[in-house]
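Should a chain be cited, it is by its letter among A, B, C, D, E and F, assigned in written order, with residues numbered from 1 in that chain.
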Amino acid sequence: MKRLTIFVAGGLVLAATPALAQEAADPNVEVAYILNTLLFLIGGFLVMWMAAGFAMLEAGLVRSKNVAMQLTKNVALFSLAAIMFYAIGYNIMYPSDGEWLVQDYIGSPFPKSIDDVGSADVSGGYSAGSDFFFQLMFCATTASIVSGTLAERIKLWPFLIFVAILTGIIYPIEASWEWGTGWLDDMGFSDFAGSTLVHAAGGWAALAGAIVLGARKGKYDEKGGVNPMPGSNLALATLGTFILWLGWFGFNGGSQLAMGTANDVADVSRIFVNTNVAAASGAIAALILTQLLYGKVDLTMVLNGALAGLVSITAEPLAPTQLLAIIIGSIGGVIVVFTVPLLDKMKIDDVVGAIPVHLFAGIWGTLAVAISAPEVLVAQIVGILAIGAFVFISSLIVWFILANSVGIRATEEEEQVGMDSAELGLEAYPEFGKGSQFV
Amino acid sequence: MKRLTIFVAGGLVLAATPALAQEAADPNVEVAYILNTLLFLIGGFLVMWMAAGFAMLEAGLVRSKNVAMQLTKNVALFSLAAIMFYAIGYNIMYPSDGEWLVQDYIGSPFPKSIDDVGSADVSGGYSAGSDFFFQLMFCATTASIVSGTLAERIKLWPFLIFVAILTGIIYPIEASWEWGTGWLDDMGFSDFAGSTLVHAAGGWAALAGAIVLGARKGKYDEKGGVNPMPGSNLALATLGTFILWLGWFGFNGGSQLAMGTANDVADVSRIFVNTNVAAASGAIAALILTQLLYGKVDLTMVLNGALAGLVSITAEPLAPTQLLAIIIGSIGGVIVVFTVPLLDKMKIDDVVGAIPVHLFAGIWGTLAVAISAPEVLVAQIVGILAIGAFVFISSLIVWFILANSVGIRATEEEEQVGMDSAELGLEAYPEFGKGSQFV
Amino acid sequence: MKRLTIFVAGGLVLAATPALAQEAADPNVEVAYILNTLLFLIGGFLVMWMAAGFAMLEAGLVRSKNVAMQLTKNVALFSLAAIMFYAIGYNIMYPSDGEWLVQDYIGSPFPKSIDDVGSADVSGGYSAGSDFFFQLMFCATTASIVSGTLAERIKLWPFLIFVAILTGIIYPIEASWEWGTGWLDDMGFSDFAGSTLVHAAGGWAALAGAIVLGARKGKYDEKGGVNPMPGSNLALATLGTFILWLGWFGFNGGSQLAMGTANDVADVSRIFVNTNVAAASGAIAALILTQLLYGKVDLTMVLNGALAGLVSITAEPLAPTQLLAIIIGSIGGVIVVFTVPLLDKMKIDDVVGAIPVHLFAGIWGTLAVAISAPEVLVAQIVGILAIGAFVFISSLIVWFILANSVGIRATEEEEQVGMDSAELGLEAYPEFGKGSQFV
Amino acid sequence: MKLIIAVIKPFKLEEVREALTGIGVQGLMVSEVKGYGRQSGHTEIYRGAEYVVNFVPKIKIEMVVADDRVDQVIETISTTARTGKIGDGKIFVAGVEQAVRVRTDERDEDAL
Amino acid sequence: MKLIIAVIKPFKLEEVREALTGIGVQGLMVSEVKGYGRQSGHTEIYRGAEYVVNFVPKIKIEMVVADDRVDQVIETISTTARTGKIGDGKIFVAGVEQAVRVRTDERDEDAL
Amino acid sequence: MKLIIAVIKPFKLEEVREALTGIGVQGLMVSEVKGYGRQSGHTEIYRGAEYVVNFVPKIKIEMVVADDRVDQVIETISTTARTGKIGDGKIFVAGVEQAVRVRTDERDEDAL
């Protein structure tokens, strides 16, 4: 896979340099090592920031009686991901040769250690710790996607159990197929920063959960009517979207994986430009489309549109020209506007629109790679299907087991009073209006 | 102009290095290229973050019935700027030789392409894509300034049409006079990071809009009384201010345009220090002054004061000592405290105080350059007047045409129920109090 | 002290290079200079961002009638710190040889100048301006800690007077003992990024203030009952926590103080990883513990837990393995859950839990250094006691003088109507519910 | 005419409103109140401190109806709002002497 | 004494209050309510789903006045609050038996 | 039965509630109102502009009690809520004809 070969190549070249690295090292190799590592660190903290973005976006789109719970879930899932990915996930995702349990399909789980203090291996091209840090954030993102869809009705602990399994096992396995140089990578599948590996995967897990969990009480009535349950704080939702937009420069830009050469940093620049304009055009597409369809702009759709634009460009943010990036992003925005109501028709209750944004736009983005590289089309389809099937089915099984053991759904009364009072015994906004409880 | 000459100089030096760049390139030239580009990328994402800052600041300072609209405008204007600046703005602003329509006054509009994948031109000194990314953010900032002033009464679409013209044509033209090495640059005008080119320009466009649009109903009564319409969420307004403060390090620091030498990075450090202390002293000045004038501190003025401090130091954040930066910033804070009520006396309704902060402090900052470099005084005055006249008059014309064609003002009833319900059919805080609608 | 010796060492080595720096300079020395400086700049703006984190955390945890005041205090204290640290603090903290008033105990106060424009001294290893910028942010952080504890009842101006003394004198003196290569450094005390120097110090100052100030009216009743006064906006509190989490990468990572070698950047990576996982495990520990103790999760404790994890790892974020970092962080989370109610039992009213998070976890973190380096145990204890005694007693004296001169406490009625209406004459959320005023 | 004041559990509002529309009630006013009553008094824990929750969120419905509608309205509200659990709420009836429709200046029964 | 309850459109509050002060009304209480009536029932679209808006934000004004003031107060409110458009609101009058000014313990008319 | 409406200063609520519970009042409703009265009219400054604050936040307590409790309740509220400063509030009493406890369908005095 493009990303890794860069590496391996790099690795080979560098292999020339003596073992006990930096002292003797060719100064430029060391500078490249520093700059590559720096890219991971900056990219990593920007993607970490996306965790706050998801938290704000979701807190803004749920009703106030469920805000504290949504915040709790977001803090907890990010924390849990950090621990699970360290404990088993990272090594399942990046098995060294001989560390596969099932060659190219399943890596072996155990904590992988990073460089010891003060002993960088310059021949690696970048610091192992910075790579771990960067990759962890992608794992956490996958989990963040799930929490939004299932908001306002799922119990805290069963949700967290699922998160542990998703971040410790499901995500690392499917991601290893491509980024761990597994079978999809061999096959030529291309997913630069994770339209499928991260976003569609999160979307599939969310979809499985939504099906097992069912819709919020009162969301859909017998006669097929849909009762909107407006988000309680669109300022937060907008803030969350801007945070995600910012974090995405780290998400896509960092996925260049190297900044030690002029070409790499120029490519990172190109990625920044394409990522930004894809988000912008996704937002504009939703802006115009909601005006045309509904006679007025829907801010929540515009926010989803920007995110869909970002997801769409994530599979290939480098190759497209700005014009192509605009087209890819706009189509992402269009997808959201049409599929949000579609899900409602299917009575699949996705509170924040995560499935249209991450799953549907993720699939589109993965296919769109073929616009720049037609030869990969088949591999793209195989990858979309294989990862979709694996994540969806395994998630479905986990959700099903949880539903039939501990149970995943809050009682009707808990749902009525809200998860905050029911499960946390507090309120996010104790002094503000209680509109959510009646209108 | 200082910035550009650095470049040109750099360019010349580098010109020595062979065409097919990095392979053969002198390692330090390549490292400098990477570091210069990195400064643009970091600076760029920090300035992009300012778009969120404006959104939060404005959302916090409008009444809750207009919050969703204000958020919509901010997301939309940033997105629109990205597309317009790509489509025509960037090339109007940075015409290569022979690309001027009117030499040194108006560049020719067409999309400019950035480096192809994996083919950096090291002799450029930095990646074209990173420069585009960085410059785009300044263009978007100019538009962000306008939305705040005109809040709570302007219709969405006419506003967006103006934004398209401002970011695609008006800003690029006036900015080209200086940063595109046009006539003002030749003349010796100095505006390091855009006190005039960005902030005052945005302020002039806002002022023109406020005049054509008129004040909010009920803001000013016959007997010259002013009815404050307090912002709905000062926590958001404060968050927005902190975001802008953070982003400003990218705004001013990135405008050093180079980080490839020890001197450049030391200068960037100096800029960070001065930028921070100017903001701090602007805030403190407003804090003390509101206490003295009104017998109590006004948080909204303190926030405006910090921003005015930032705008004031933006024209020359490098040359001043910290002490001078403190003086320049404090005066910015003082200007705000005195000019906010002044505008009210003139019945110019600036909802968030953008005109005092960006226009008045911007002019002050531009003049203050002469404290460090007296020889530029005349050029500064010419620049302030020329850009002021051009942006104000062209904006006035555009607003006037819009007002007399599609119309720019919401109806009285729409204004009463709020732009959110009227134009978007939703509310930003559906469950919280509705105080805005009566008290 | 480890940090400084690196330096001095570095300095010596570099001393070899000719005086009139970069032209002649060994390219790698210059590149190292740039990268070291860059680390300070990135670290610095990330820590500056923490000021926004504290503002949001505190604004979210106070009742709405005190939100605007809390925001005002946070903006003002950060601004004041910038000016005081420049005017006297920085030089008191980092006296050059011969600049000590009392050798190794008290430096002499006067503004220290940073590099002139375009004249970097490469032999310094990093730009003086970037160091000033980075160190300033630590000083401001110390003050931010205090504002949360004393919220909802302390008057604005006396609080700001204390902040000026804390940031200008108290913090710089105690910090000079270690980071200014004073007596604690000579003694072998080790505090990598400031568990004691910054966090515990802030906590001690807050504790002194809380004692002199007394609890909020109605917080504790005669019969030893505790009346919770729930925070008004947990979404803001969570946002603040995420901001702090992000900023902490700059706080701890930047404290490596160098990025010019592969080893340094690999260490920074290791610090990022440990910092993140310590925060995560602090949050998880609080999550599990509140569930076990109270039968339900308390979001505010989870947020405090994450911060306590961060404070705990701050004294030594480099040496521990991830597993050890997890243990250190979790214990931080446990400490918070047990000490928050403990303070209430002692009728010490800490509105946001800053004392458990910064003081108690800070002490723990400082002791935990001995896990990696047993030999420092004694020095750690001496450092904790010495700095604790100095900061607590000097703060107590200042608070006492203020209380008995200008007075520090709002009147009962001001407290009842809230600091916002009473001292600022405005409201943070004028349109939302007024629940705070009755339930 | 009578003013009927009903305090009910928030989540019952939609049902009650529909039921009232069903029997031809043409207008009403809804507001949020904090209720104190037998249901009050459960304890919560916040940051480790236990405290008693005295006030429970309730919805107050006010409507003015013609005298002959009163019993039916009471009947409708109390059956729809009833869950049998403590805290279901109360219905009160008071006399109203005049009513005016602002738009048309219609009076009394015509104004309802 | 009578308790006058007026439901009006929010943006009319300031005008009505001024008019009432003008005729010497010395005190009143204002609260936010959600109104249901003829005006209700328009539809909105949120994220592509249509729904009916049943409740409209209204302002409720309550004041106790001496019997002889009632007609004038009604007159004043209804003329000031009238826009002629549906949803202008209602005015109701009920009897009040006692009034107390807490500060002074004055009673009845003196307490108003 | 009587409906007692009391408008008090917000910070007095907890005291008043306790006092009422003390004398055996079993239930009541609390809501936020904006009050206009003699206390109104102080000026504030926002962004340099002076303006008059007409509405003061108040708490409205409503409770229905048996006729023979009325005087005691009034007494309790007015003594507890009194600070002697302007704006202490008012207490009004109106007649109630019926009361129903939704949960049990108990009527009148039994329903309180």
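The rule is simple: a residue touches a chain if its C-beta (ideal position, glycine included) is under 8 Å from a C-beta of that chain, and two chains touch if they have at least 3 such contacts.
Please read all numbers here as calculations on a predicted model, not as lab measurements.
Looking at chain A and chain F, the chains in contact with each of them are B, C, D, E. Path length between chain D and chain E in the chain contact graph, taken as the least number of steps between touching chains: 1. The chain pair with more C-beta contacts between its two chains, of E-F and A-C, is A-C.
Chain geometry summary: the mean Cα position of chain B and that of chain E are 46 Å apart. In whole angstrom, the spacing between the mean C-alpha positions of chain A and chain B is 32. Here the spacing of chain C and chain D, counted between their Cα centres, is 52 Å. Multi-chain contact residues of chain B, defined as those touching 2 or more other chains: 27, 31, 38, 42, 230, 233, 239, 294, 296, 298, 300, 425-426, 429, 432-435, 438-439. Residue positions of chain F with contacts to 2 or more other chains are 30-32, 34, 45-46, 54-55, 94-95.
The complete set of chain-chain contacts reads A-B, A-C, A-D, A-E, B-C, B-E, B-F, C-D, C-F, D-E, D-F, E-F.
In the complex of the two chains, the chain D residues touching chain A come out as 10-11, 13-14, 30, 32, 44-46, 57, 59. Within the complex formed with chain C, the residues of chain B that make contact are 27-28, 31, 35, 38, 42, 46, 63-64, 230-235, 238-239, 241-243, 245-246, 249, 253, 259-263, 265-270, 272-273, 276-277, 279-281, 283-284, 287, 291, 294, 296-300, 302-303, 306, 318-319, 321-323, 326, 429, 432-436, 439. By the touch criterion given at the top, residues 416-417, 425-426, 433-435, 437-439 of chain B touch chain E in their complex. Chain contact summary for the complex, chain F toward chain D: residues 3, 17, 26-31, 62, 64, 94-103, 105, 111. Touching chain C in their complex are the following residues of chain D: 34, 45-51, 54-55.
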